[in-house]
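Right after this note come the structures.
Each of the next two complexes has chain A plus one more chain, namely chain B in the first and chain C in the second.
What follows is the complex of A and B.
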């Protein structure tokens, strides 16, 4: 790791990290503050849910969700937090290395007396630090907001902690997969469509997988590995599925290092 | 001692040709000109030296070490100025230069300010507020401030006004006098003629000639113009004559060979005027690209 690259990368990324963190915290606030009004009439709510088509409930992972309980409601809104954080992590993954080629600064950096492995490690650590900051903001604000709005209800603290800690690995999946894809293609001209495609693609896979019933394919998406409904109900991770995430992360990272070490940097003109 | 040694270096981009079987050496302390039109492979060669790209086959050694394997270590002593400079747009010039300096073992602060003063570069401005020429100055400062032993210049003067070009050349000459080896790629022959000791000519990915610049200019070709009444240009169609043209009652051609032979031909004619001069590098160059 080169300290100077890490510092530079971290600074360049900081504004984006702060904006994402605040945006997700605001999203949490808006959703959780709705809880107290929703939870007032539990019966009405469950009646309403019963009227919904089953496919819709499946798509949002709400098939056996109790919206009237604190964590039941929280796991429902947690899906939106996951989608946001998936986009953020994908975005960082896709742009980690490609930004230097797109903004043509790769020549500057790579002509310096530093190896590619060191560059990639420093950049990865800087991105991870950014994600960690976002995670901490989400963890802390979730706890505070749940405590404020739970009223006199109780909830399983362990389930909430597991739900929140899983976010980091969840993001690591999108970061590393985004990175390896950006190195597999010749040139990433615009990061946004790639990041959106990866994040929503994985979400849709998980949602459709639920609707279509038994299918092995949906098991590649981290939305399944860290399914909030499962974690809240069981107060535990679905370990076989979580380990799929871990394997994908390791393969993507190793692949990224190999690809980047031999990458031909296109000339600016 | 050779500072750069290139052995049958070949680079293909997929199927597209970069350079093919390029071999040459650059000696310590010389200014080596590398000349060719756009797309001939000049930048490809330099990018291979910096391991920005990897060779398809062949190798390049710098200071006696393989350019790929020892890349990071070698780049400690290499200064690079690309033809197009791009930096992190949101940074201030001084912050960018400090970031650049942080990669090198020695303290570059003093030299940084010295160079910025010579090049009249405002250190407080943001990169995205700079004109192209000013960005180029940033490039010059960041390429020279760590006092490299080898300079790789890739069409370095594009975007610099004539005054700055002169300052830049002076700077490069001073570096060279300190013992710095310079690899100078360009398609502008005049500047190569002024700066370089030896020149390599690259065409369509292959080096077609490497010569001492003085040899290239004087020993080979003479540019001859003969003015006379009723001149028959066919008379001069002998071995060694090329580009024979007649216009305005004068014959012009290039001659390569025994100078006495052409002198005898001329003395057989009743002439009103004769000029014999060194061809410019431009003219020699065009000859190679015919």
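What follows is the complex of A and C.
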């Protein structure tokens, strides 16, 4: 790792990290503050959720969810947090090295007496630090907000911790997959459509997969691996599925190093 | 005219990709519908759902066992797809020149900057209309087997018009961002942020009655498919707000682009 590359990358990212962290914290605040007004009709809601058609519950990941309990409600809003964080991580992944080629700074960077492996490591660590900061903000604000708005209800702390800790691996998935795709294609013109496609595509896959009854195919999406409903109910990860995430992360990272080491860099005209 | 044709060609691939997404979505949706169609049990279940939940996902007042009701639910997702594509196209069409370092070339051509904006706007407008027609065609083709009545076709026309206005709103905002942002990279990020923000707002505004006022801030709430289905007309207030947003964004786009510094 080269300290100056890391520092530069981190600084470039810092603004975006802060904006994302604040945005997600605000999202959490808005949703959690609504909890007390929604949970008032506890009995009513529970009765009615039991009557929901299964397709609908599956679409919004509510098949084993109890909106009147603290964590039940939290896992409902957690899906929106996951969508945001997935977009953030894939955005960082796609832009990590492709930005150098787009801004025509790649030849400058690669002409420095630093190996490509080192460059990639420094860049990855900088992006990871950014994601870690966002995660910490989400962890802290979730705990504080849940404590403030839970009223006299209780909740399972361990399940909440598991839910929140899973976020980091969840983001790592999108970061590494985004990175390896950006190295597989010839040129990334604009990062946003790629990032939106990866993050939203995975979400839609997990939402619609159940309804179509294709339970094998949807296993590729991390929205299934870190299904908040499952984690809250069992206070544990769905380990076989989480390991799929881990395997994908390792493969994409190794692939990225291999691809980047021998990548052709188009020179500016 | 040259710019217009050039941009149409450059955007064709993107239009095809979005078209395929819409068609896939319609196919998946209609396969879900086959489970609901004419099923009285399902209707009884829907009647018992908590109103907050139904409002949040815009499923209120929809009879999911009929084609119109089901299409009303699909409308929310159509709106999401159409507005994402419009915002992307709008913010990209202007800012991509700076990204690809072609802006110095195109602005030295013997035409004014406002003509460049006009040509580019028309090109993405054609793209939006193309996507709308694809959505319309796919919907018509998919529901044909259920032989809907003329009321459904009237509702479909109306909701397509609503979709078009939403496309225009996000297109205009996107173009304005592309013209006004000093750094090209920000344009599409801000457009996406606005889109996600207003979408989440539209969900929140449905959750609780005290938050109803938020609907004025979210274009996703301007055209409620439930109201369209029942009353077969648009709400004049929201039409005015939409027109205001579109006109202001376009005027802002022309003003800022003709006097901006280029990011080179």
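Definition applied: the second predicted complex is superposed on the first by the 258 of 269 C-alpha atoms of A that agree within 3 Å, B and C clash if a C-alpha of one lies under 4 Å from a C-alpha of the other, contacts with A are read in each partner's own complex, and residues count from 1 in each chain.
We adopt the following convention: contacts are C-beta pairs under 8 Å (C-beta built on N, C-alpha and C of every residue); 3 or more make two chains touch, one makes a residue touch a chain.
Fair warning: this is a prediction, and the values are worked out from it, not measured in the lab.
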First, second, both or neither for A:262, with chain B first and chain C second: first
Touched partner set for A:147, first chain B, second chain C, both or neither: neither
Partner chain(s) touched by A:196 [first = chain B, second = chain C, both, neither]: second
Comparison of chain B and chain C by chain A residues contacted: C
First (chain B), second (chain C), both or neither touched by A:8: first
Contacts of A:110 with chain B and chain C, given as first, second, both or neither: first
Chain A positions touched by chain B in one structure and by chain C in the second: 104
Of all residues in chain B, those that touch chain A in their complex: 13, 43-44, 47, 50-54, 71-76, 78, 80, 82-84, 86-90, 99-100, 102-104, 142
Chain C to chain A touching residues, read off their complex: 14, 28, 31-32, 35, 42, 45-46, 48-50, 52-53, 57, 84, 88, 92, 96, 99-101, 188-189, 192-193, 196-197, 200, 204, 207-208, 210-211
Residues on chain A engaged by chain B in the complex (per definition of touch): 2, 4, 8, 12, 103-108, 110-115, 118, 262, 264-265, 267-269
Residue ranges of chain A touching chain C (in the complex, touch as defined): 16, 23, 27, 30-31, 34, 37-38, 41, 44-45, 48-49, 51-53, 55, 60, 67, 80, 84, 87, 102, 104, 189-190, 192-193, 196, 208, 211-212
